[in-house]
Structure formats: structure tokens, C-alpha cells
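Same chain, two partners: chain A is paired with chain B first, then with chain C.
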Partner chain A sequence: MSDASDDYDDDYGPGSDDGFGYESYEGSDYGDDGNDGFDDVKPESMKLKPYEVAYEVLSVGDIQRQQDKLIEQVASILGLSNQNAMSLLLFFKWNNDRLLEQYTEDPEGVLKKAGISIDDNEEFLYELKPVPGFFCDICCEDRKGLLTFALECGHRYCADCYRQYTTQKIVDEGESRNLTCAADCPVVMNDKSIQKIVEPAVYERYKTLLHRTFVLDNEHLIWCPAPNCEYAVKCDDVSAKDLTSVVPTVTCKCNHKFCFGCGLPDHQPSICALVSKWIKKCEDDSETANWISAHTKECPKCRATIEKNGGCNHMTCRKCKYEFCWICIGNWSEHGTSWYNCSRYDEKSGVDARDSQAKSRASLERYLHYYNRYANHEQSAKLDKDIFVRTEKKMTQLQSTSGMSWIEVQYLAQASAALQECRQTLKWTYAFAFYLERNNDTHIFEDNQQDLELAVENLSSLFGKPIQELAEIKVQVMDRTAYCNRRRENLLSDTAKGLAEGRWKYQVQIK
Partner chain B sequence: MSLPKRIIKETERLVSDPVPGINAVPHEENLRYFDVTVDGPSQSPYEGGVFKLELFLPEEYPMVAPKVRFLTKIYHPNIDKLGRICLDVLKTNWSPALQIRTILLSVQALLGAPNPDDPLANDVAQRWKEDERAAIATAKEWTQTYAKPEPEAET
Partner chain C sequence: MIGGFTKRLGRELNDLKSNPAVGISVFQADDFRIWLIDIKVMDDNPIYVGKKFRLQFRFAPTYPIEAPEVQFVASYGIEIPMHPHIYSNGHICLDVLGSGWSPVQTVASVSMSIQSMLAGNDRNERPPDDARYVAHAPISPKNTRFVYHDDSV
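Coming up: the complex of A and B.
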């Protein structure tokens, strides 16, 4: 199926057939070039759009440099060694404001609490050395020439035990901030002593753990959630309390696009709180709601949900004993003897019952309306990879059949990327709209949504054309791609402005 | 797999220099598994009771804490129905410099100083806070019922 682009051209014809054909024509992540170029120029020469935030992608090296900078800064302000400044920062979870505040109030108390035994800058060497007449309290070894190790506090144990202890803490317990003397003693193990005692691989692990805490402890830093990605993203302007008025979407150097606030994949224009509500609701409800909608009816009298699993259409509600007809929901007594064959659609009681049934099902139907559209775009997004491959194939084919150069066929990649991005946005517009109050602003939002959807369908219908035609309609594809992007920008800008102004009113409580 | 020197030394010392009110004897077939009895501290609701515990030294001991559990039923806010104990030195505050004897002394001290603010058995802790007198009475009662010293167990 996926290998034959011709096949699929035939199946779907010129693309404007039905409302569901489009899901195969999903855009894709493709378009590195477009994105990269875009990202590169954005900070300097382009003003941020209303729905964009300023951010910076940091490598592990950058994170290390930021740590070093912070350590040096604290060391020079407080006149401490870098080692001690680092231990203090770890104790204060890298929060240097709190550290400076508390330290200036009570330097000795803070040092003591942080387990730093000496505050003069005298170099402590952490030597591994034999001590005459030594007995290790941990392993009870007293061999001659046994290497020993101790921190400033002088609790001395054999080097093997100390190494095993430290390794256990780092590797098995994942500890990096709160490593203390092996004795029941609060003196802290600093970076230098750890490097001295453990194997290089364990020290590396320690460093990695430190980086992790550095990012986790900092409210303006987040790890890129993509698998195997080692970048972190820094966003100074956004903190947790802003998340009701902004959707901070960032793109990592690995090309993964995600929300800085919650780490989930790009969910503009919905704010994080609605996203988590929606996801939870869908997990709980969607399948059940679908099933209820498809398989059950309600007792017209007591509203009990009833599944008919066999038998005749003469229903007797188990709860309220009301007798009714399964087909028309009308009162059974009006049916006389017409068993199994309801021909009484217009009977008054039947019409009324159906009306009220419809009303009570309306909220369910309303949810399903939004959910199905959301799920539809999501489903399309899952087919991205296929489309990406197909698009690439088409581009190669196009190069050979029409004699176009590589650069000349890039318009397909761009169209594909636009489709992908727009569908992602569309998907979340449905979750957003589900929670919006019915008012004028919502009406405008839905108009924007409709425009975007139309633009997306128009573009995706072009994707179904046979190869020969694709070359001829290049301008058309490019126009529609640009139009899609513009519609998306419009929608996101308007939503973002609304968020900033607090214009949107929700049907649910946002904390 | 031979027993580490540390465990041998500790066991020897537990026998040659026993802690008053605490008795710990390793099983013959598994020298890492100890039968323990702890006397209820005086001036506490557990006074007069002898509590049985089991103590196991894991493979990584002394880098990780011994596993200790009450076998005798006890009414205490930091000890649950299964006999599990909420005690810092058995978890985060363990240090390889601590020993079986120090751990058992901490357990005994916990009997003398229940801490309902850091509870393991929530129902007990709540009662302890709401009506300490009644809770202590129950603890005494349980001690009488379940922690009666067996004459032949005294060795």
C-alpha cells in the first residue's frame, strides 16, 4: 500500500472526492531546511509572532558552562573556593538567590547545614594512603598497607569500602546532591573528593546526574522529551503561573516541537491546563462514550441506560418497570398488537420520547463531535511517516520524469510540512473549542478554525494528483501552502492575543 | 560464598558483648538471618513485653541497611500491621558505619519514643494524636496480650 504512490493516486482520484480522503495526505515533519532557515533568522531579523516565545536550546556542554558560571559567580561574591561554592549551590538546589540571602544572614550556620566543614580555602587533598595500625570499621579489614580515605571530618575507612559506598549512592540510588561522609556524619562529599575516590565511569554518571538536577531544579529549563535527545531548552520569560495566558511552544535542535510548559508535543492553541483535562477526559471517556452512543438507549421515563442484548422490542425497564418500544422509544401500550414491527413513528409519545432522549444525549454527542475531529487529525498525524516517504518518492520521481532539479521539487516537501503543522494545530483547536463558552469570540475562533480546515483540505487534495500533473500545478501547490500557513498564523495569533488579554471564557474552572 | 569478615565480627561481638535487653542469634543454616528479641523499654507502654523481630543482612550489607521487621503484633504509630518499621536509619540515613547493634538500639529507642507525626500505621497515629491516653492503654493491652515473655526463650 505504502510503496505505490500510483496506486493511491488512482484510489483517490483528483482528491476532492469525500470528506475523509484527506487523512492519508497528512503532512510530515519533513522540511528541515525550511524550519532551520526559519529558526535561524527569527531571533535577529524577525519580530516574534504573538504566539511565539523566545527560547534557547542548550547542549550538555552549554549546561556545564552555565553551572560553572554560576559556581564562579557565587564563589567570587562570597569569597569561597569553587568547591565550597558548588557544594552550597547543590545544597540550595542551584537557587543562588536563596543561597546568597541566607548566607549573608548566617554564614556559619549555612555552611554547617550544607555539611561544609571548613570555610577557609586551604586545599584538602583527599589522599588515598595507608595508615599504620588502621582497622576499617566497615569491612573489619586491617591488612598492612591498606589504602584508606577520609573527608575533612576524619572518619577514615579503607578505600575499597569508601569507593563501594560512593558508587552505591551514585549508581544505585541516583544520588548526586546529597552525598555525605560514610560515617553517620553530615560532612558533604564535594566534586573533588568524588572524582578522587570513584572509577571514571561512575564519576561521569555523577556528572550526568548533576546536569539532570541542574535542569530539573531550574524553572526556566526543561529537557527535550524526545527519545535519546540530550538537549535542554531554556525559556526565561515563561514560568508556571504564565501558562494560562501563553502556550510556549519550542523546537529543539533535534527538530522535536513541544510545549515548554508541560513537555507534551506541540498543542497550540490550547493552553496546558485544557490539554491535560482533555487528554484525561479522552482516556476515560472516548471509547466508553462511543460505545454507549452506538449500543444503548435510555429508558424514556427514568433515563437508565439500557443495552438490548436480545429478545423482542417490547422493553420493560428493569428500574422503573416502564414498558416501551425499543424501535420508536414510544409507550408500548400504544402499539397494540403490532409485535416486532414498529410502524408507528409519528405517534405522539414516541416523538416526545425521542426528543427528550436526544436532549439528554446532546452533551455526549457534543463531546463525540469534538473528539472525532480531534482524533481524526491525530490519526492523520500518525500517518506522517508514510506520507513523508511517499513525498520523498514523488520528489525523486518528479525529478526524473519532468526534468526538474532537486531545488525545484522542494515545494512538495514544504507543502507536506505545512500540512503536518496545520493538522497538529487543527487537532488542538477542537480540544480548545470543546471547553470554550458559546459567545462571539468563540464564533470568531470557529470561523478561523473552519478557514484553516478548508485551506488544509484544499492543499491535501492536490497531493493526490498523479505525478505528471504535480509538476503542472506547482504554482497552485505553492499558493495553497502559503495560504495554509497564513491561515494557521492568523488563527494562532488571534488565539494568543486572546489568551494574553484573558478574552477566552471557558466552561470549566482553570486553576 | 563466604561470609564477609564484617558480619563474622559483628556476630561474635553480639554474642560476647551482648546489649542489655536485646538478643540477636543467627540461624545456623543462614548466618545472614537473625532471630531477634527486644525488651520493651521501661517507662513506655511496651514495658514488660518481649518483642520478636527478624533481621536479614542483604548481599550488599553494609552498603545498604539490614532488613528488620517485627514478628510480634504491636500497637505503635511507626510500625504497621505487617511489622514493617518506619525508621530513618533503616532507610535514607543508613550509613555503613552503623551496625546491627546500633540499629536494634534505634528500634528499641523508637518503642520508647513513638512519633505520630511521621506515621506508618495511619489509624494508630491518628488515635495517638487524638486521644493519647487511650492509645497508650491499647498499646499496653497489646503488649500484655501478644508480647508475654516465654520462660524457655530466655537463654
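Coming up: the complex of A and C.
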């Protein structure tokens, strides 16, 4: 095995944009080990981009298997029965590191605290059986032949009472991990004892609750927050302390794309801490900011009311044909090709503001500048989507007459998806930029942001065209879609690298 | 467990009457829904000396699987005891009445817990959040999610 190939990799690592997969250049390894030599070869497209994290989507069955695996692991390390290993894990909230650490220090103490009696090494059976001369302390029943139930601790009650007690804990109190003996006693009810005593439906409920705690207690697992979605996502490489240097974004099998760190919808490139600050700020300032996001504006020339009906910022007044920019209400032609300058808030001219009003006013204006653009993309994304839905309908109608097939209109679906995704990203770039300190790195970020803005507006402007024209400009739409996606990747890659390197400096304290 | 838990409550009432703990007596127990239990603090704690207090127990049909609803009630000549865990509306912050409940607890054992909680107290005061709590408290103390006060007070 020569090191040469490794050096080669370093030069053309994941950072290279060429997409040709230099990692497969492993000539010296070829055939060395009787293997086909291609085991580790992954095409560039399979490798993670700088802004991506490795994760796994788990079904309920997968979670059960993970749970079982952990129980077996602990059982074999500590030489305990699966039952006792599970009880210990429940006591330690599924944290096996903490469990193993404390157990090796003081095994008896840990077992006692968790309410586990180790004496009976053979499996405890949890039999429902009559006991001669039995009297139930809960219901005061002492009938002959009364079925009774007890855990390892021997606190025995009639089976009906125990069933009702356990059911009440599970169904009414939602308890699963910390369900203990019916007496004042710390012995934990494990999976097996619960299955013995309750109705099958209640046992199912218990399993569900247990899965829930398994996911909630584990910092590397999160439930997909989409309504009615039952998948969980596992992300082993990300812990809470990493959330200032990565934005771990995952896509569930249900297609919902969200942040592993905070559960909110995709908010790349902004880190969780800034996202929550921003959302809080927007809530606090919503009254002042609301007017900005209003759907209607006046034409700056003829004062006709104009409603924004597409995602594009290039507005044309229907009445007087005046063309202007939705964001700054400036004349579109004067924007020239640098119209997108209006995405950059001019800090300098802000500071030199002629009317040297109170600082608070300047800071509100600064905030509104970013909020306006943030809200604009949120709204535009919705409008773009509406256009697509309408177009899709028309396309379906037209299919028979125009001879266009379903496959042929898919480029519109792809364009629509790209617009949605890019606007989602752009939206959060403004929240991110709001908190960034001004320096050279910030300018690079804003250049990337403007490139993406331009790409998105260019695609969005095609999107609003009449349907007949759309079919004619298919190639153009596809080109601009690809360009948008590339710009987005560039922006996200650079921001993610900056996060990993600690390159970004913020105007606020993040923790 | 036939016909609810009336057998259990019948037996408890019997025990309370025939074999009462010192300072604990049944004032009223006409049915299996609400009982009134009077308690006295037996040592000479100056805060409670010579006074009698009245606890109200409400039982749901699921008692004793579920905890009873317990609170102090005022009546002519009977006040709500002063205690840093007892609110002026009679609600008591004690874990046995909530998360610490187990079906083997009884009216007698709860009464004794509260009795000893009074006996061990040397602070003639209400909880610090009394005014706020009483203004917003639910009618049933069981609907309050108490964060139990430190027992060492």
C-alpha cells in the first residue's frame, strides 16, 4: 500500500468541484489483496458535501432492534440477564456509558438503586397464580383462588389490582421508563412483567412510549417532527456541542427536511442558535415588521395598488407599465444588471445616515432590511409553488392536445423544487447575515448570496410565463435550474467550511 | 377488586374508627366520596398548640390506584395551618399526594404524613408564592403540577 494515493486524495478531496471522483485513483492497490480493489471506491456524487452530515432514518422496527441490541450488549458486558440489563438501562435513561461507568465502580450499589435483585439468576417468571391465605392490601379482597402477581421484590397484590395500577400508569400517566412496583418500592417493571400483566393493547401503548423515551433520551436520535410521521433520525456524529460548527440537516423518508439539532424546518446555512435568536426577534418585532411583508404595494409611479402574484421581484405595473423592484421600489431599469445590489444592506450609508436619529431607529431599520428580504423569500416560495400547482394542472389538461407527455413536463417540477429549496436557503442567509460581523469574510458570503439571488430571480421570472411559452423555453428553464442548484451548493459549502473553521464572527454571543 | 374499591374504603374506615392513630379522628365519612378527617399536632409545637385542623379527602372510583384529592378546609373555629408548604386555600405541596402516591398508602398513612409534616415545622409562614398560586390555582390541587418543596425545611 503506497501513501501516494493518500496524498493524491488530499489534493483532490471533497473540496474539489470537478466531480470526477479522483478518489478512485488507487492504482497501486489494485489486485493486491485478491479483492477486486473497488471496495472503498465511491463515486464523488456519493460523498458528503461540506454542508451535509451522515444520518440514518429509522422505522419503529429499527428502533426496537437498536433497543434490543443495546440491551444485549449491556447484558453480555456485565454478565446479567437481558431482563436485568434492560431494567438497568431504563434506570439510566438508556445512557449505557454512564451505566457502565457507575456499575464498574459500585455494582451492588447501582443494582440496589435501580431496584434490581440479582439473587435469582434464573429468569423470573412473573406468574399469575393463587396463593393460599392471600389478602390483597390494595382492594382488601381475600377470595379463595384469587390470582396474584408480584415482581422480584415479592410485594404481592391481586392480579386485577396490579393490572389496573399498571394500566393507569401507562395509559393515564404515560409512564414507561420509570414504572415501579405498586408498593412504595423502587423495583422497576420491565418489559416482560408488563407484558404478563396488562391487556395487549396497553402493552402496545407501553412499547410505543418506550420507543419514544429511547429516542428522546438519546442525544443522537430525534423524531421526525412532521405530523403523523413515525420515523426517527439517527445522527451519530453530531452532539449538542457541535451545533455552533455544523447545521445538521436531514431528510426523513416522509420527505420532510429538517434540522437534526433543533427540529425546525431546514434552516441552512444559519446555525441553530442564531435561528432561535432570529425567530424570537421576529416575534418580538412582528408588529413593526408586519407591514413590510404585506402582499400589496403601491406602484411608485401611478399609485395603483399592485399585488405580488409571483415570486419574482421584477414588477411591472399593469396600469402604467412602469417597471420596478419589489424590494426597494426602485426603478428596475436603473437597477441595471446590478439590481441585486438591493439584497445588500449598505452598512456604511446606514451609519452615515443623514438624519442622525437615535441609534435604536438605525438598528430597527437594519433589522427591517434583513427581515424584509427574509419574509420576501418566504412569501415568494409560496407564490412560486402556487404557480407550479396551477401550471401543473394546465399541463395535465394540455397533455392530450399538445402531445406533451408527463415525463416531458417534469423539468417544471424540478425547477419548482429548486426554487423552493433555494428560497429556503436564501431566507436563512438573511437571518445569518443579520448577525454577522462586517469583515472580508462577510463580503464573500454576501457575494455568494447575491449570486444565488440573481440565479433564483432569473429562474423565477421564467416560471411566471404563460404555459405555451414555457414549453418553448424548456432548455432555458433546465439550464437555470441547474445553475440555481450550483449556486446554492457553492454558498452552502463555503458557509459550512467557514463554520467548521470558526471563520464567522457574530455580533451576538452564542452558546 | 369487585364492585370498585368499596371494600377497601370500608375496611379503612373501620380501622380508622376502631384503631385510630393518636391525634387523628374521623369527623365525617357518610359515603365513599368525601371524608373529613381532623388532625392535631401532638407535641407542643408553638405554631399549632391547642389547635385542630381538618383534612378533606375526595376519592375517585379508581382509588386507591389513583391518589385521593387531599386538602385542608377551613370551618368555624378551624383554620388552614401555617406552613411553608401549605397554601392559604388549603392546598398542600406534598409528593405523597401526587407523584409519590402508591396504592398501598391509606387515608391513615397520608394523615400521619401530614401530621408529622406539621410537627416538624418551625416556620410560621406560607409558601413564598402563596398569593400568586392562590389567585390562579385550579379548584382541585390534583390539577397542580407541584414542584415539591425541599422536605428538609
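Some observations on this one:
Just so it is clear, the second predicted complex is superposed on the first by the 381 of 511 C-alpha atoms of A that agree within 3 Å, B and C clash if a C-alpha of one lies under 4 Å from a C-alpha of the other, contacts with A are read in each partner's own complex, and residues count from 1 in each chain.
One rule holds for everything that comes next: contacts are C-beta pairs under 8 Å (C-beta built on N, C-alpha and C of every residue); 3 or more make two chains touch, one makes a residue touch a chain.
From a predicted model like this one, the values you see are computed outputs, not experimental measurements.
In the superposition on chain A, no contact is made by A:Ile473 with either chain B or chain C. When the two structures are aligned on the shared chain, A:Gln168 is found in touch with chain B and with chain C.
In the superposition on chain A, no contact is made by A:Leu454 with either chain B or chain C.
When the two complexes are overlaid on their common chain A, residue A:Asp160 makes contact with chain C while staying clear of chain B. Once the two complexes are laid over each other on the shared chain, residue contacts for A:Cys139 go to chain B and to chain C alike. In the superposition on chain A, A:Val60 contacts neither chain B nor chain C. When both complexes are aligned on chain A by C-alpha atoms, chain A residues 137-141, 155, 157, 161, 164-165, 168, 182-184 touch chain B in the first and chain C in the second. Partner chain B is touched in their complex by these residues of chain A: 137-141, 155, 157, 161, 164-165, 168, 181-185. Every residue of chain B that touches chain A in the complex is listed here, in rising order: 4-6, 8-9, 60, 62-64, 89, 93, 95-98.
The touching residues of chain A, when paired with chain C in their complex, are 136-141, 155, 157-158, 160-161, 164-165, 168, 172, 182-184.
Against chain A, the residues of chain C that register as touching in their complex are 1-2, 5, 7-8, 10-11, 62, 64-66, 102-105.
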